[in-house]
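The following pair of complexes shares a single chain, chain A, combined with chain B in the former and chain C in the latter.
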Partner chain A sequence: MKKKVTEIIYQAINEINEELDQALKLEKSTNTVLMGSNGKLDSLGIVHLLVIIEQNIEDELDEIITIADERAMSQKRSPFLTIETLVDYIVMLLREKNDE
Partner chain B sequence: MMNDQPIMLITGTRKGIGRYLAEYYVKNKYIVIGCSRGVVDFELDNYQHFNLDVSDEKKVKIMFSQIRKKYGRLDILINNAGIASMNHILLTPIKTVNKILNTNIVGSFLFCREASKLMQKKRFGRIVNFSTVATPLKLEGEAIYACSKAAILSLTEIISKELADFGITVNSVGPTPVKTDLIRSVPKEKMESLLSHQAINRYGKFSDISNVIDFFIKPESDFITGQNIYLGGI
Partner chain C sequence: MDENNLNYDIFIKGNLVDLVIITEEIVEHTNWYNWFNDEETTLHMQQHYYPNTKSMQMDFYKKIIKNNKEKIQLGIYHKKDKILCGLVSLNKIDNLNRNAEISLIIGENKYRKLEVSHEAMKLIINHAFNTINLHKINAGYIETLESWGLFLRRTFGFSNEGIQKEQVYKNGKYLNIVNLGLTKNQYHTMIKENINEEKSD
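Here is the complex of A and B:
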């Protein structure tokens, strides 16, 4: 599951990178920092990325989820900080959904 | 299936203004998706209907997923669904309050959010929300309805700023009373007194509303956002 979600996020990054200048392109690595002072994306960029990931999850896994849910928005350490934390958060959402 | 025709989603299409808008835009070569809680008793070419409560997040998200899979995009959202209840505050049950707030505020918010997700990818979108003259006229007996629509004005103004960078405009139209079910329970004298506050003292027509929507959604209106237009001269 983790591998698949990582692939889905990389696919979304490919889409985002098409619109970005060379210097701003996101590296496809789990260590890539998305948000914060070292992050490459501004708030609109994060919104755009999360929306594409949600749509790709619908297409690839046939699951409808809301990534920016209440829990994500209230955590002290944002799950959107790096690609790795984002992968972990989405995997958790999908597991919870399957347990429902 | 990709299509060059504009794809429009209208909420509350079972009757009244919503149904008129569905028929009007289908006639004008739009592909229209509609929704309502109850089933519809009409069929139109290029019209697809979903049965759902606009404040039911799960069902709304499934509908948007289906729209995306079928059409690949959404161009226009008309947030028409709304309910009202004419009651003195001392006679207003909390259940009625929650119902009005859920449909009018939560429903509009949810549709704006999900529609924007579809629109932002193409960097184009038009959202038209519904306000009401009951808010500026401070109509007695309409406290909850009017304040729910006051919230729509704030929602429209603020999200117009948040969505501008995505090429999405957000505006609202505030109809005067139109002869629909929404005002069926309002006494005639009350309606006449209401109409007397308008610069033009007549009931609104459905076409008055579609005229304002036409203006908001046309491509040339890409510099018009965060605005509200009241009909009738309030």
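Here is the complex of A and C:
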């Protein structure tokens, strides 16, 4: 599952990189920082990326999940910190969905 | 005076940012006035029609902000970097109907991060509902800022309340304004749901 989610995120990064200047393009690595002072994306950019990921998850896994919401924002350790933490968060959301 | 040496009076304490009281010194010694001269900063705003100067900003402060009970405008102070990076406001506070309009600007490009906007919004919304006892907050955004609208809906519970068609002329086009509303009940339901979800994790 983790591998598939990582692929889906990289696919979304490809899409978003097409719109970004060279200096702002995101590297496809699990260590890539998304949020915080070292993150390249601004607030609108990160929401845009998360929405593309949600859409790709629906298209590829036939699951509807909401990644960008208050629940994610109020976690003590942000799930959007790096690609790795984002993968873990999405896998958790998908597991929860399947447990329902 | 260097901006970092300014004394900021904290009005609402946060983790990453504090909301501070705007003073004449802040108008005088920060880059605030210049945010409205920046094309990128104002891309999705009804600003950047006429140049803004420090003296115009001072007039605005004296006439519109100072001692105005219908407006609460606070600076967003980045605690670690000791810089005023934006502003958040409750405008047109209607004490009879208990509502107001909310707005936010992150003027310093480096701080245009989701966590900064989120905390500043959360602090002022909590103040609006839990301290000055507003019943409802309204927000509006130009349609090109849809990511921000989506964030407001999902994170705080705002709901769509209609569209003003071709209301604003910006970047060579007439654009729609999307109106959002958030009642105290909607907000508290959203916060409660998230607390419950966190507990069940």
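The working rule: the second predicted complex is superposed on the first by the 98 of 100 C-alpha atoms of A that agree within 3 Å, B and C clash if a C-alpha of one lies under 4 Å from a C-alpha of the other, contacts with A are read in each partner's own complex, and residues count from 1 in each chain.
Following the convention adopted for this analysis, a residue touches a chain if its C-beta (ideal position, glycine included) is under 8 Å from a C-beta of that chain, and two chains touch if they have at least 3 such contacts.
Here the structure is a predicted model, which is why all the values come from computation and not from measurement.
> Both complexes share chain A, so when I overlay them there, do chain B and chain C fit or clash?
They clash.
> For A:Lys4 in the superposed arrangement: first (chain B), second (chain C), both or neither?
neither
> May I ask you to decide whether A:Phe80 touches chain B, chain C, both, or neither, giving the answer as first, second, both or neither?
Only chain C; A:Phe80 stays clear of chain B.
> So, does A:Ile46 touch the first partner chain B, the second partner chain C, both, or neither?
A:Ile46 contacts chain C only, not chain B.
> Looking at A:Ser37 after the superposition, I want to know if it touches chain B, chain C, both of them or none. Which is it: first, second, both, neither?
second
> For A:Glu70, select first, second, both or neither according to whether it touches chain B, chain C, the two together, or no partner.
In the superposition, A:Glu70 contacts chain C only.
> With both complexes superposed on chain A, which partner does A:Lys28 reach: first (chain B), second (chain C), both or neither?
neither
> Let me test your reading of the model: by the given contact rule, A:Glu54 touches which partner, first (chain B), second (chain C), both or neither?
first
> Please tell me which partner, chain B or chain C, touches more residues of chain A.
C
> Do chain B and chain C land on any of the same chain A residues, and which?
Correct list for chain A: 44, 47-48, 51, 66.
> Would you tell me which residues of chain A are touching chain B in their complex?
Against chain B, the touching part of chain A is residues 44, 47-48, 51-52, 54-55, 58-59, 64, 66.
> Which residues of chain B touch chain A in their complex?
Within the complex, chain B touches chain A at residues 57-58, 61-62, 65, 68-69, 117, 120-121, 165-166.
> Quick check on the complex: what are the chain C residues that touch chain A?
Touching chain A: residues 106, 110, 112-118, 145, 147-148, 150-151, 154-157, 190-191, 194, 197-198 of chain C.
> Please give the residue numbers of chain A that touch chain C in the complex, ascending.
Residues in contact with chain C: 35-37, 39, 42-44, 46-48, 51, 66, 68-71, 73-75, 78, 80.
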